[in-house]
Amino acid sequence: MNFELTEEQLMIQQAARDYAQRELIQDVLERDANATFPAKHVKALAELGFMGMMVDPKYNGGGMDTISYVLAMEELSKIDASMSVIVSVNNSLVCYGLDKYGDEFQKEKFLKPLASGEKIGAFLLSEPEAGSDATSQRTIAEDKGDHYLVNGTKNWITNANSASTYILIAQTDPAKKHKGITAFVLDKNSPGISLGPHEDKMGMRSSDTHSVMFTDVKVPKENRIGEEGFGFTFAMKILEGGRIGIAAQALGLASGALERAVAYAKERKAFGTAIANHQAIAFKLSDMAVKVENARNLCLKAAWLKDKGEAFGVASAMAKQYAADIAMEVTTEAVQIHGGYGYVKEYHVERLMREAKLTQIYEGTSEIQKIVISRSLLR
Amino acid sequence: MSILIYTENWDGKFKKVSFELASYAAALAEQTGKQAIAISLGEVENSELEKLGQYGIGKIVTAQDKRFATLDNKAITKAIAAAAKQVQAEVIILSHDNLGKAIAPRLAIRCNAGLVTAVTGLPESLNPFIVHKNVFTGKAIAHIKIEKEAKVLTLAYNSFGLNEKHSSVEITSFDPDLTDSDFSMEVLDTTKVTGKVLLNEADIVVSGGRGMKSADNWYLIEELAEELGAATACSRPVSDEGWRPHDEHVGQTGKIISPNLYFAFGISGAIQHLGGVSSSKVIVAVNKDPEAPIFEAADYGITGDALKVLPELIQAVKDTKNQ
Amino acid sequence: MKILVLIGNVPDTTTKIKFNADQTGIDTAGVQWIINPWDEFALTRAMELKEAYAGAISSVVVANVGSSQTEPTLRKALAVGADKAIRIDAEAKDAFFVATQLAQIAGEYELILAGIEASDYNGSAVGGMLAELLDRSSVSAVTGLDLKDDKLLVTREIDGGNQHLLCTTPLLAIVQKGIAKEVRIPAMRGIMMARTKPLEVVAPVESSYATSIQKLELPPTKAACKMVAEDNVKELVRLLKEEAKVL
């Protein structure tokens, strides 16, 4: 069993680390405070090839494996989870969806600019009334002969404003319930699309999140991904891949928090010695380290299975649920270890804690992950 | 058999490094029983050359060729090598400054000599010939043996000190026989940094970090530097923020300096910074945080706000001057 | 014009220094190897020049003297954009040896770039030695490099200021910080293509060493810091004057 990373994987990890530690760190606190979009970083990361890492080079992608993607996501998330969620949505929801299920026309028109990072994408599934229960879609796409007419509202959409391309999940046949759901790719600037105000979020504040309203939006037939009724399966399959990205993000939040906690514990003195020398703190760090190591192994295993072409849905559910839950624990503990300093923005750990919370909620709550895992056990 | 030193000149004048080099050579001459000779290239008056006599140099060969002003590395190497041959130099020593660093390696090849750069003291042994220097950016000391008969050394800044030793001076003229084609570089322009004390030569350096809070407070650093005749420096975050120019950044990836006295105001003392200043003779740290790592590297320290301590220090220095 | 960039393989600058058994070198177990930071700046500038003057610069090649252990570092250079890497298969024991090895392949490059020193042994020697072995002009402390017609516009730091020079090729430029704003992060495409680019291994020539390390040791530990009260700054001045004798 080989636990070693290849030279390329190490270089990719280093490149992500260098960019994060040199560039993202410069304005991350300011962007969190003001909820400003990291436009220049999106451009730079696109130029470096981080927006379409796993897409085939013939569609402008990097042709990299999922392990490399996990490594990059972890490094970016240690410093800036807002930036890494933008990268994750683009890579493992939107590009993945088009790469796996799009036809040649859709790949040429939509996948290419997304993979090169020239444009970014958003994935529209959640609705005001449909979060965990994605079977009850209220957004309707009516077949009008040569196009579909879409009406409805999607919410909590990451990249809603900055994206140029949307992948939309909508109901084409309400009678068929979840078998009547269909997936589409479309241009964000289509007439009839409007955005709600920017959500004022607890964390990942530098990424843009809006609700998206569709009023008689025309979507050409050729933009439908797969057959009518394929949408639910499509969404579930795509989320399996997306889960790995978020698991890696949660891993990065946890490992970033651990690194900061270790550094702080070595320097901070109390009762005559560095607090790292007090067992209470040392044991906390030990527990945190084991959790991070477990999360990393789960993420890499899921990525490895996906790269081998094997079923990875349960593995990615385990990775996502575990990594998100421990990210919440580890970041909270990191704040605790920092004491008063952990409570102020300057030391970053309070931000990591706020950001970790979302990883337990989006792209499938921890509870949903447990449904996936338990169902596979109890089949 | 002799020891030859290359004493550079700046517009016909020597600087402290020249006399340090002379002192070192005179000491080595005594250690080895050989004669210490200096070579000067370019237009330098006899009255200036004779200053080397104050530090134990008894013989100077000079090539008063104004073409040397372009600091052409190839030409200078040729000239020094020719002189070395003429005086049968077994050891050639240069300063570890910009020019010395550029010439020494070329010279070593040309004279078939072994080279050790930035040596920090006299050889600890002559046979075998062993010298020492700092390596791993100050984290370790290396004792290096030169295997070849001929030796080229560069002397690290501030590692020897000045030793007055009066000697009468014999100045002879020397023709290195260089043609115009030996000088292949065209100097377009030269901008001199005047007034400011140069960071790598300064005996005293006043440096500031993020604890100075903003560029607006730097006048305090500059004032103290002026009172002390010191150079100013800064930590990396300060130059990254644009509060100070990049050439003031001292640290592992910036300049590595070794002044007699280094003041660190509002600098935490990260390893990368310390790597640039750890060879300073004396380090004084002022930082609000008593746990700041800089205090582990410092010789003297004050726990306090740099912005409050600086004005008091400036006044205290002024007072001692007036005493 | 072809550019050759000399690449040193050095331990990561955050590595804790541990000596090997006989204290003549460092313990390489667990060491992370990187491109010597100054050589990385040189490579970045070479890439910038190639991109700016695609017609004039045909290739950027990197070279290193070392065992196969240095190949990952060379591939990093390929990932950043170098066209080819050359490894001369020998242990790099001292600068003279390294320069002699490089001399066998370096002559055909009109412009050779070298970082001013290596972060391990701080030698500042290989560049100058290679220039002399090739009998070509060299210029050091270079903080700026550009093409100007068929010549090179060089900015160098001299003691007391800066100079602009016009140099002809062949030239060896020894560069320092300032030569490039920041080191290039390799793009994903570059990383994936690194393995497809040529990495030539060349046999070494017979050569001796001019120097050898007899012993490495840690610097003497400093005495504890003497603290002075915040309201007693005068005392600090007195100590610096009378005790430390530095004022």
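Note that the chains take the letters A, B and C in the order they are written out, and that residue 1 is the start of every chain.
Throughout what follows, contacts are C-beta pairs under 8 Å (C-beta built on N, C-alpha and C of every residue); 3 or more make two chains touch, one makes a residue touch a chain.
Just so it is clear, the model here is predicted, and its values are computed rather than measured.
J.: Return the chain pair with more inter-chain C-beta contacts, choosing between A-C and A-B.
T.: Between A-C and A-B, the larger count of C-beta pairs in contact belongs to A-C.
J.: Comparing chain centres built from Cα atoms against the global Cα centre, which chain wins on proximity?
T.: Closest chain centre to the overall C-alpha centroid: C.
J.: Determine the centre-to-centre distance between chain B and chain C, using the mean Cα coordinates as centres, and give it in whole Å.
T.: One centre to the other, that is 21 Å.
J.: How many angstrom lie between the centres of chain A and chain C, each centre taken as the mean Cα position?
T.: That gives a centre separation of 40 Å.
J.: Counting in whole Å, what is the centre-to-centre distance of chain A and chain B, each centre being its mean C-alpha position?
T.: 54
J.: Can you check the complex and tell me which residues of chain A touch chain C?
T.: Touching chain C: residues 7-8, 10-12, 15, 18-19, 22, 47-50, 53, 57, 62-64 of chain A.
J.: Hey, which residues of chain B end up touching chain C in the complex?
T.: The contact residues of chain B facing chain C are 8, 10, 15, 71-74, 77, 96-99, 101-110, 113-118, 130, 133-148, 154, 184-193, 198, 201, 203-204, 228, 246-247, 252-254, 260-261, 271-272, 275, 278, 281-282, 284-285, 295-305, 308-309, 312-313, 316-317, 319-320.
J.: Residues of chain C touching chain A in their complex?
T.: Contacts found on chain C: 72, 75-76, 79, 182, 185-189, 191-192, 194-195.
J.: Within the complex, which stretch of chain A touches chain B?
T.: 267-269
J.: Along chain B, where are the residues that touch chain A in the complex?
T.: 291, 293
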